[in-house]
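Look at the two complexes coming up: subunit A is in both, with subunit B in one and subunit C in the other.
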Partner chain A sequence: MTQYGFYIDSSKCTGCKTCQLSCKDYKDLDVDINYRRIYEYAGGSWQADGDTWQPSIFSYYLSIACNHCAAPACVPVCPSGAMHKRSEDGLVVVDTDTCIGCKSCAMACPYGAPQYSARKGHMTKCDGCYERVAEGLKPVCVESCPLRALDFAPMEELHERYGNLAEVAPLPSASLTGPSIVIKPNRNARPVGDTTGSLANPKEV
Partner chain B sequence: MENESSNSLFHKAFNLDISRRDVLKTGSAGTLALAAGSIPLPFVSTGASAQTASATAAEERVVWSACTVNCGSRCPLRMHVRDGEITWVETDNTGLDEYGNHQVRACLRGRSMRRRVYNPDRLKYPMKRVGARGEGKFARISWDEAYQLLADNLKRIIAEYGNEAVYLNYGTGTLGGTVTKSWPPASSLVARLMNLCGGYLNHYGDYSTAQIAAGLNYTYGGWAAGNSVSDIANTRLLVMFGNNPAETRMSGGGIVYHLEEARQRSDARMIVIDPRYSDTAGGREDEWVPIRPGTDAALVAGLAHVLISENLVDQPFLDRYCVGYDERTLPEGAPANGHYKAYILGDGPDGIAKTPAWASRITGIPSRRIVQLAREIGSTKPCYIVQGWGPQRHANGELISRAIAMLAILTGNVGINGGNSGAREGGYSIPFERFPTLENPVDTSISMFTWTDAIARGPEMTATRDGVRGKDKLDVPIKFIWNYASNCLVNQHSEINRTHEILSDEDLCEMIVVIDNHMTSSARYADLLLPDLTTSEQMDFAMDANAGNMNYLIFADQVIEPLFECKSVYEMCSEIAARMGVGEAFTEGRTQEEWLRHLLAQNRRRDPDLPDFEAFREMGIYKRQNPNGFFVAYRDFRADPEANPLTTSSGKIEIYSEALAKIAAEWELEESDVIDPLPIHASTFEGWDSPDRARYPLQLIGFHCKSRTHSTYGNVALLKAAVRQEMWINPIDAQSRGIVNGDSVEIFNDRGRVHIAAKVTPRILPGVVALSEGAWYAPNRHGTDQAGSINVLTTQRPSPLAKGNPSHTNLVEVNKA
Partner chain C sequence: MGWHEFPLVVFTVLAQCAVGAFILLGALILTGRLEEASLRRLNRPMLIIWVLMGVAFAASTLHLGSPLRAPNALLRLGGSWLSNEIFLGSLFFALGGLFWLLTLLDKVSPLLRKVLLGIAMLLGVAFMYATIHVYMIPTVPTWNTPFTPLGFFLTSVMGGALLAQLLLNLSGQGYRLMARLLPWLGALAIVVALGSSVAHAMSLAGIQSAIQSAIDLVPHYQSLLIIRLALLAAVLALWLFALRSMRHQPLVLCASFVLLLAAEMLGRNLFYNLHMTAGL
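And then the complex of A and B:
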């Protein structure tokens, strides 16, 4: 099986959210559904020195969709079998005709990928644009990125080109689900479990 | 921000449209009834991917269009259309996307164009005001009635007051268009119409660049050019003063992309000087230097002190190319020790040496960092020193813009590859002759920022006090306003509560015509509302991007039929021209498409490489690299200053400006306003050192919201949710006020009150709060804005020389709401 995955260059990412909005346009998503979420992680402090200030602060962005994990937490908890991992490309997809909208997958996923659509009455999530991929295109988000900070390819290729990093704060440990992602860290990146910063935009993700 | 009356109109229209278009299969009627509030797409709800699966769906067409708003970039959009509806928005997908022949990729806003076209706020048919002005009560009228009402009032006002009583307000909603071009207003179809009818009161300057345009005019002569952003590939050190392309020029063919590509090539160190830890920094900077707003000129003076003291200035450059650096090039009429070197070393009139310690106290930057910075800048060649337009948008912004340029001048980085003039980055553009708008018979001009004064007290405004040009004083107040593709009537002009008072008096300005797509806060103040087509509903050419070494033209074809009763600005102006008796002269017998064909044919005669109409239409985007490589500002002047003088009066770079010395002596200025022949630092009203900080301790600055271009796209629900409107505040200032992240806060000063959520973030200097400009003003019944519209808090007091908007010079207090 070919396992496809995303490359995320956090050193280039300016948090512009074009990936998120191009996806929302293409997939016609409602306001509260984000297949791709852009996490702003920031922290640090300021020291006063007389009339002056010295910052010791950081921030960076991480654009995360579904990571189409090797061991997806959402699949085994699905009571209807709607959530499944495709054998041909490794993408994790919900069969919307079967899904009963119980939200078990949403509770199990440590990345917040599956989201319930009240309008549609079932779970929804990033499907890796598998129809586009089958046509030889990349997912809409990847082709939209103004800074060319996203890529999508078989994981073997991504590992060869970009290495093996699949976790930085505020993501959970990659050991939980084996996310099919490779991250190029921002210079400001902090390790998983970091407590010196916090998620700066909780209402935007 | 929508008013109730207009919403109810839209609700009615929805229901009609929903039944007509039969999209009920995608949701219950109840869901659709909520569309105005929660679902931003009232007309079509089947997504692209859902339609792909539908075997019965009609064939999909792809039509090239564009996003023509005022971000400084300009993007092609590939509209996917089915059954006459836009189903999704793609962008440039041509070629292999290799830098230099790269794809011009639209940002999140362009990708959301569908939600702007099918927006519940769309103006649907002509309307006239029936309530008090600004109340938002309108009645639907026919186009014929609208044209007649407009022409009757225009004739009456011209007859009664003369053409100088007619004003074309600043508006940049469609500045990237050709037929639809809204800025500069003198290049718009409204100007062509008015020029055939005796003319109108001109304005100069703009809300983006008033102070830098006025200031650097005296340094370099005219609009100060900058090296191409692509030329950063040739530099060793990049120093950014308040320049933030990641939040202002976000296109994938625009400045932020060029910056990144160029830096990958040069590996130049990047120093970002900004009160905010911007997204341009964000881990890409080598050093972030937070600075108090309005103090950049003090930082430069401190840097200059080190450069001069440590012999790091380029003395041969200063001697040959500049006026007024030291006694050697000081003009004869200038006072002794009136030169720059004396000002810096403390030998000038104020007797203060501008040491790093002096600058440190003002800027909030530690002295040792100023010294290090000066040594790095002084010893690294070439050095690309560039300013964004935030530093100059202050009450002392003319001086600041000149001071930042001074750093490039002192170090001799002007006119060379990898250097810069200290002005904003430049680039390459493809020359293209536009729609002829004819000559304005009226010479009189005011600063674009002073139009509210020209309504309230026009005949009191003079040349030497208010910057009136072309005449010693205004003779008549503004009585008629054309407000085309502009939210500057209310939202984007400073001090909204004062504007409201002035516009509310219907005896002052007698007629306000708003031509726009949506019920903006400005549209609410119209007497006559004319619904315009979006770019998707008409044919146009889009251009004028800031795009480094590769520029482009976009064929923005008509994608869908006009919605509702909307008409193009070309048709509107043609009909009004006919009623003014100049119909034939206005159209010259051409339709909109015939004009586009005509303009392209004309341009092809001059530039045969341009594609013909049909080829251009097919390719959608025509790209061209700068045939001369990297653009270097003032390269010819540097090569031979005698043969290629600047357009300043001396022909040289004027560090000391005799013209400014004369203005400083002659103009009537308000207390604390400073015009100076040298690029000095000056304190201002509501600055960091103002006594008013006892009452209003926080400096408030604006910035650009990534989900809007100024106010455009500000009514798209998906974008509002993607980047929330929030006031940035440092944890130190938040903690002392009991504010935690996400709290609702009140921001206030003597001019107004705003309620908005706080973003408590270490990414801003203590003592400073920031609110992105452009949120759609939404007052509650007490007049407190609920949207986070910064212009409730900004002032209409203009800057001294440009008479421009000091949008970032504000003092406020913030409380938990």
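And then the complex of A and C:
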């Protein structure tokens, strides 16, 4: 099985949310549903520098959709089997004709990927644009990014090109679900487990 | 505090009380100390158990976005704990209800009925076990603690003991040994519930992700918890008062049970509001 995944360049990302909007447009999503969410993690403190105090502040963005995890938390809890991991590309997709809308997947996912649509009565989530991928295209979010901060490819290629980092604050430890992502951290990025910062845009995610 | 999971609050609390009462009364029936006439008198008000189960399951479908697809919830039997819970709960409902109906109509041999009763009691235990596992999600640090099984178990014991007391009373069998032991069981469970919910509240301080602290999830958590614990104390007071006074016993026990449902539904709603994941 080829496992596809996303590359997220947090050193380039300006938090412009074009990826989120192009996805919303392509997938025709309601206002309260975001397959891709941009988390702004910010914080800072003061350091004594002789007789003065210097601020050390940080703020950076992480554009997170579904990480199509190797061990997804959403799949084992699903009672109908609607939430499944595709054998051909490793993408985690919800079968909208089977889903009963019990929201178990949303409760379990530590990335907020599965989202319930009250209008549709079932769960919805990023499907990695698998139809586009099958045609040799990249997901809409990747192609729309004006900073070229996103990429999508088989995981071996991403590891070869960009390394192996799959966790920085405020993401959970990668050991929980094995997210299929590679992150290039922002120069101010805090390690996973950090609690010195806070989510600066809670109403946007 | 939101009430968005109210259907699940109703489902879990009512089912836990019903299973608890059924197992306690089932144990009494299995001991064989009940003559046929007493059994039939006790059986009639046990209909309340199945009314509670019916309301519980009806409420659970309101939780679904597509209730007409509810049967799909069984598709991952053996794989998903939610599938197991629905399957075992339905089977408990069906076989327990069958036992009740056969006893009412006095059909098939008493031995066969007891076998059916025993199987239904085991299914009740398995149903409760599955419910616990539905919420023991490794990525949800506020639920994946020993307080979840303890809290669910205590609801079964408190609610089950009080409901069993009420049913024994309604059938005029408040003199039985079990009826005299039930208040002790209830009091013990309520005292454990008081202590463990305080310990649970304190344990929340240690649970946080980068962007969320468990103690910030529910505004006024402590006040709401105190209201729940005060309700439980009132439950016990009414329960003991009912047994001491000779008049209106069923009515006062009924009032006590309604207060218990209020206390446990408040507690369960606090539980659902404590949902957070280890990440975003």
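In this text, the second predicted complex is superposed on the first by the 196 of 205 C-alpha atoms of A that agree within 3 Å, B and C clash if a C-alpha of one lies under 4 Å from a C-alpha of the other, contacts with A are read in each partner's own complex, and residues count from 1 in each chain.
The rule we apply is simple: a residue touches a chain if its C-beta (ideal position, glycine included) is under 8 Å from a C-beta of that chain, and two chains touch if they have at least 3 such contacts.
Keep in mind that this is a model prediction, so the values were computed, not measured.
Once the complexes are laid over each other on subunit A, subunit B and subunit C both fit without any clash.
Of the two partner chains placed by the overlay, only subunit B lies in contact with A:Gln54; subunit C stays clear of it.
Once the two complexes are overlaid on the shared chain, A:Ala42 sits against subunit B while remaining clear of subunit C. Touch criterion met: A:Ser22 reaches subunit B, while subunit C stays clear of it. When the shared chain is aligned, subunit C comes close enough to touch A:Cys99, but subunit B does not. In the overlay built on the shared chain, the residue A:Gly136 is in contact with neither subunit B nor subunit C.
Our summary of the superposed model lists a minimum C-alpha distance of 13 Å between subunit B and subunit C. Subunit A uses residues 202 to touch subunit B in one structure and subunit C in the other. Listing the residues of subunit A that touch subunit C in their complex gives 37, 39, 41, 64, 73, 76-82, 98-104, 107-112, 116-118, 120-123, 169-173, 176-177, 190, 193-195, 197-199, 202, 205. By the touch criterion stated above, subunit C contacts subunit A in their complex at residues 63-67, 69-70, 72-76, 79-83, 86, 134, 137-140, 208-211, 275, 277-280. On subunit B, the positions that touch subunit A within their shared complex are 27, 31, 38-41, 45-50, 52, 88-89, 91, 93, 97, 105-109, 111-112, 114-115, 246-247, 250-252, 254, 256-257, 260, 277, 279-280, 282-284, 288, 290, 360-361, 364-367, 706-707, 717-719, 721-724, 730-732, 741-742, 759, 761-763, 765-766. Taken together, the subunit A residues at the contact with subunit B in this complex read 10-12, 14-18, 20-22, 24-32, 42-46, 48-55, 57-61, 119, 129, 131, 143-148, 186-189, 200-204.
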